[in-house]
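So that you can tell them apart, the chains are marked A, B, C, D and E in the order they are listed, and the count of residues begins at 1 in each.
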Amino acid sequence: MTEKIGLSPGTAVYTGYIEEKEPDITIVRYDAANIEVGDYRSLDEVQRICSGLDDTTKSWIHIEPISDSGTIARLSDFFGLHSLVVEDILSVNHRPKIEEYDEYSFIIIKYAQYEEGELIFYQIALVLKEKQIISFADKSPNKFDMVNKRLEKADSRIRKGDSEYLFLALIDYVIDHYFLVLESISEEIEELEEEILYNPTKESIEHVHHLKRNLMNLKKSIWPMREVINTLLQSDRIKQEYHIYYRDVYDHVIDIIDIIEGYRDTISGFLDIYLSTLSNRMNEIMKTLSIIATIFIPLSFLTGYFGMNFKYETILESQSAYMWSNILMISIPVALLIYFKLRKWF
Amino acid sequence: MTEKIGLSPGTAVYTGYIEEKEPDITIVRYDAANIEVGDYRSLDEVQRICSGLDDTTKSWIHIEPISDSGTIARLSDFFGLHSLVVEDILSVNHRPKIEEYDEYSFIIIKYAQYEEGELIFYQIALVLKEKQIISFADKSPNKFDMVNKRLEKADSRIRKGDSEYLFLALIDYVIDHYFLVLESISEEIEELEEEILYNPTKESIEHVHHLKRNLMNLKKSIWPMREVINTLLQSDRIKQEYHIYYRDVYDHVIDIIDIIEGYRDTISGFLDIYLSTLSNRMNEIMKTLSIIATIFIPLSFLTGYFGMNFKYETILESQSAYMWSNILMISIPVALLIYFKLRKWF
Amino acid sequence: MTEKIGLSPGTAVYTGYIEEKEPDITIVRYDAANIEVGDYRSLDEVQRICSGLDDTTKSWIHIEPISDSGTIARLSDFFGLHSLVVEDILSVNHRPKIEEYDEYSFIIIKYAQYEEGELIFYQIALVLKEKQIISFADKSPNKFDMVNKRLEKADSRIRKGDSEYLFLALIDYVIDHYFLVLESISEEIEELEEEILYNPTKESIEHVHHLKRNLMNLKKSIWPMREVINTLLQSDRIKQEYHIYYRDVYDHVIDIIDIIEGYRDTISGFLDIYLSTLSNRMNEIMKTLSIIATIFIPLSFLTGYFGMNFKYETILESQSAYMWSNILMISIPVALLIYFKLRKWF
Amino acid sequence: MTEKIGLSPGTAVYTGYIEEKEPDITIVRYDAANIEVGDYRSLDEVQRICSGLDDTTKSWIHIEPISDSGTIARLSDFFGLHSLVVEDILSVNHRPKIEEYDEYSFIIIKYAQYEEGELIFYQIALVLKEKQIISFADKSPNKFDMVNKRLEKADSRIRKGDSEYLFLALIDYVIDHYFLVLESISEEIEELEEEILYNPTKESIEHVHHLKRNLMNLKKSIWPMREVINTLLQSDRIKQEYHIYYRDVYDHVIDIIDIIEGYRDTISGFLDIYLSTLSNRMNEIMKTLSIIATIFIPLSFLTGYFGMNFKYETILESQSAYMWSNILMISIPVALLIYFKLRKWF
Amino acid sequence: MTEKIGLSPGTAVYTGYIEEKEPDITIVRYDAANIEVGDYRSLDEVQRICSGLDDTTKSWIHIEPISDSGTIARLSDFFGLHSLVVEDILSVNHRPKIEEYDEYSFIIIKYAQYEEGELIFYQIALVLKEKQIISFADKSPNKFDMVNKRLEKADSRIRKGDSEYLFLALIDYVIDHYFLVLESISEEIEELEEEILYNPTKESIEHVHHLKRNLMNLKKSIWPMREVINTLLQSDRIKQEYHIYYRDVYDHVIDIIDIIEGYRDTISGFLDIYLSTLSNRMNEIMKTLSIIATIFIPLSFLTGYFGMNFKYETILESQSAYMWSNILMISIPVALLIYFKLRKWF
């Protein structure tokens, strides 16, 4: 964000971490009967194809990646997007949000990926027009392959449906990926629990800390989706017949948030278990030390006592003294051990 | 959920853990005067019976278990349920919810069972139509035996009442089972408290953790019922005369949530007690160790001192030295013990 | 609650702990000028008296205890109460609530009693009709003696006022008893604070735990009263002129909740104090032990050193060695003590 | 509160701690041009003066203290206040509140005083009528001296303004005193922080506890002022032109609450610092003890070993043994110290 | 605030820490085509220039610093600002807020600066009139240099736009500076995390405490901006076409609050890590001490035993005793080490 301070709002600067690269542009033109899919690289081709669209054909244009801000800005311009929208597409650290314009609805959504304990978010921007969907993704789940497969089936609901239905399918696909992430995290939590209960190390607590932060980020990226979908439902852009599908996605969002909250609760408890395990272990160590010390310290005193060199220390010269001292040295630890046993020290 | 990513919404996949099995279908046809109960297995029979229903007869169809997704989907189709509803019936990890359709109301509710410390939830889906109730259960409390018994009494309120009243009776029955679960948990909490106060072990803290999680899950499965019943009350489907009964169930839900919250509070306190018990015990161990060490360490020094082998160490040759050393070795521990007593160390 | 699962809603079962006993029925008939108080036991007498009431006489019927569910059910029937109301009267573990019926308002309120550290709640059910109040109590504060005394004064506001005013007086009386309970708890908290600051034992933490739970229960029993009174104020049953008195009671409820919250905060702090006191004490013990050990361990080494039996250990044969060893053994502890003093260990 | 249980609402009983004393009654009669200030003691004089007021003269009557409940009740009666208002004036443990009557607005506000770590609240009751303000104070900040001084200036805004403006000035004056209290507390917090960071004692934690409670009470006494002022703004009694001044006071209240919350946060952190300081100190003590013990215990073993009295222990008879033993006894501690240094134990 | 108690509201007193100094007054007069920037010091010049403004010219007057309350008051008077507004401009510890007057909108906003761990806020007051903006700053980010640069470009949006757009640019500039502060804090947090995980000292916990307080202050200074911008959007003063830009700034505010919350969560976890690291270290120290003590204490007993001086202690005279004692003294520590290894003590 730093480099943007003082710039006029709406300045298009890419803020992500993917190296600059010309975007792949996939254009899907379809109706219930026909479908045509093509990959393009130049703006001219896109312009040519888009201007050739007739009134009945629906289209979906997918652009990925978006690291080349110049091209993205020109494409957005061609599609008639507001300069603030272009800025939002390119600054990839936005929270999910929705903005309603006269000609189109614009939403930002986060695609979450979890690999080797690292949680990465890719921002996906979706534009919904009357008969057209435009999607900008820093990275998308396999370029929405599953949605593509469903599109290929002629006469499927997605082919016959309006753009709103495809729009929903894209959102649904991204959100369903959260369940995958949560599954990985769930496994990690189970391992961590095992570890903390039976073999806690210093690293465990770092792990707890790390997981907590991941869950926090996950929640931050899904939480605003509630509002996004709600706003969509209240807008006029979505026909009544699709409301039920949007509500279904809404339910998934709520489920995800619920699961995250549950995990957070579970993890919070881990610290308590960890600390009490440490305390327990400390107690045990101290107990052992105490028992050994308590038994041997008096004995050492006795040996010291009988090792004194007084010239007139007659006790050492008594014949039975040695025997009695041995008896004493056996009975003291036995007595103490019995005493400890009774006080339930071990 | 994983296997469902990318599928079109409304795909019917069973997500529970009960092995695939053809459902038992119980059909109850009743009015104030007559009742007929039958068990069926084939869709054809169900179709035949349902199409034979006249206008005055109320019916309740109970289907359990729902692990055979194909049959369930066909049955739901026959009853005219929306494909999203079928999906909801089969994915058994939903939170309780209500959905209003033109022809029917659809609710999901959780039946909680607590056995040997394990809390299991079975999802029950209820459909309320004008004169018909359809219930899909992964597992229900003895197939609603108590409700059945009440149904068998001719001229009882449940027989004379509309479908809404039977619908309520089913909900009420499931919710009342929560009190049973809470009773078991309450007993466990009492035992746990005893244990933590008087004999805490490492397992106690795991137990606390386990109970906390169970209560959290319990709350998650009952909390949304508030909204479910509220929505039912605001809908037109429930006649005014039954509102008071629904409000009564609502009160029970609130009571259950209250009790759960109380238990959670109580359990939260257990950790504090546990840690302070550990600290206390540690203090006691250290005190004992300190007292013994403090008494014997100086004595050992003395015996060491009198055990030195200096050739010109005249003190050892004095006749009274031995006596005085003994007096010293008795008076030091006595003095220290008095000192400790005064400082209230034990 | 257990035994009620599956029963039809509205089944009258007593769930309290008072042994079954025929209720005492006190009937007060009064207007500004006259008052008549009578105690009855049989339903017939009640019926006879109630049917003899003319239009200008106000009446208050108090029934206590309610452990005999049969009689209570018959009485309620006679007074025209709904079966769900009867159920509520008899299941004495309800949270306070209000229910509005066409003919009457029904509220449940908790009378709190605190004796020897035990907090007990008795449920009181009040029914407000046009000219009649019916109160069912498991146990009431001395059968509302103070209200009775005020009733005995002719031309007092309570005698001249409508039933709503007496109704208010009963609620007010029960709620004001909370202040008594809070006073006892306040004293206990002060004692506990003293104890935890200057002489904490293992029992202190149990005491904290116990108090916390009592306060939680107290709050749960008064919190819903806010809504109860608010609903009363919004209903038409209470004439405008009495609103100010109901608001005054509302203020008392808020005050009670405030005080409870304050106590909870205070008690939460106790645990911190307790743990830090334990830590402090541990530190002190360890300090003492460390100082003694640190002083005597080197000394013991020295005596050991000079107690070795080497044949060619000429140092022991030197004449001044004994003197020097003594000097050494005095200077080492002195030096260490000075060092500790400088590092402020004691 | 105890003694009031069962009394009819509106009974006037003084619940404060100031000894019974006839109130001083100050009457200020003023308009833009003239001002007349007088002190009175008898109700008769007050009646005489108040009845002599003409239509254009504004008046302010200040009554302090209010421990003589009889006189206060008579005065309130004279001013036409409702019996519940009188009760509120006299029970000085109310939370701030506002009550709107047809003839007047009545508010309760708390004047906070902080002296030597003790936080005391005095209740001030203000009555706003058309052209008259009546203030009842258990104790006020120097009897509102600063407001008086502003009143003395002819043609000042306060003299020209309506009663609402003087009313506001009184409220403002009381609320601004909270900043003084917060300043004292702020200084105390800074001292406490210093103490806890560099020299924590057992008293520190009591101090933290004490401050927390003071802040909690402070918040409880200012928090309801938000609602009081909001209600005033929504009522018709305050002319539009004064709204901006009331909003200004509202802002001050919000500022005070903000500051209190900040202080509470800061103080909460103190406990963590305290406990970690204790832990740190413990660690240091144990480290020192461990190092000394670890060095000398093996040495003591050696001296013991060489001090054994075996007849056939030839090692003691070797000529070089003494030298070697000394070398051993020097190298062992040196080796251990190097080892500890490498493990960064000190 | 102290010195202001009892003063009439609206008294202009400067409460900041910058020494009294005549303000620099920068006046920018511009339209799409022309721009004129001048620095002035005397009120007369300002008056002369402002009265010379024609209807089409927009102007921005920036005044910094504001420590000379007399001049500021006179300037404000000249611009027709309410006395309460002047008071707010000068008391620089206000929380951000907005106030709507008939002629102008007045907002307070905080400019945050973070230098060497110290977070400083400077208050900036902005007044938006029809064609004029007046800004009062205790200190501004380089006197809004970046905004000035954008202003210098002829035909830029900021030059062509209405005053609302420049107003927005000023707000945007101040708010974007928060990202800079957050970046510095983020780096600090990362360093702190490293430190706490691998090398925690007593200072770390002070650092945590310090950072927490900074974040709390940061949040307090940005949180109310949500309301400020919301109110601006609901007012009529901002033309519809600029709403989208204001919403963009609103999004930034939300982003900042989100980031702050995330940091707070992260920092909260640090204390847990710190304490568990301390506990871990303690455990390790105790373990080492225990192992050494447990090994050598029995050995010392043995040497003591064999060092006793009994005259009739025949064991010492046996020829093989010495050898056996040596074997014993080797086997005991070996056995204990194996035992510890099996119990996984090290």
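Before moving on, here are some points about what is shown:
FYI, a residue touches a chain if its C-beta (ideal position, glycine included) is under 8 Å from a C-beta of that chain, and two chains touch if they have at least 3 such contacts.
Keep in mind the model is a prediction, meaning the values are calculated, not measured.
Relative orientation of subunit D and subunit E, expressed as the C-alpha superposition rotation angle, is 70° to the nearest 5.
Averaged Cα coordinates give subunit A a centre that lies 43 Å from the centre of subunit D. If you average the Cα atoms of subunit C and of subunit D, the two centres end up 27 Å apart.
Residue positions of subunit D touching 2 or more other chains: 275, 279, 282, 286, 289, 293, 297, 300, 304, 307-309, 313. Taken as a graph of touching chains, this assembly is arranged as a ring, one closed cycle with exactly two partners per chain.
Tracing the ring of inter-chain contacts outward from subunit B, first into subunit C, gives the chain sequence B, C, D, E, A. Residues 1-2, 4-10, 82, 84, 87, 93-95, 97, 99, 202, 205-206, 209, 212-213, 216-217, 220, 271, 274-275, 278-279, 281-282, 285-286, 288-289, 292-293, 296-297, 299-300, 303-304, 306-309, 313, 316-319, 321-322, 325, 329 of subunit A are the ones that touch subunit E when the two sit in their complex. Residues 145-147, 149-150, 156-158, 168-169, 172-173, 176-177, 179-180, 183, 197, 244-245, 247-249, 251, 254-255, 258, 262, 265-266, 269, 272-273, 275-277, 279-280, 282-283, 286-287, 289-290, 293-294, 297-298, 300-301, 304-305, 307-314, 345 of subunit A are the ones touching subunit B in the complex.
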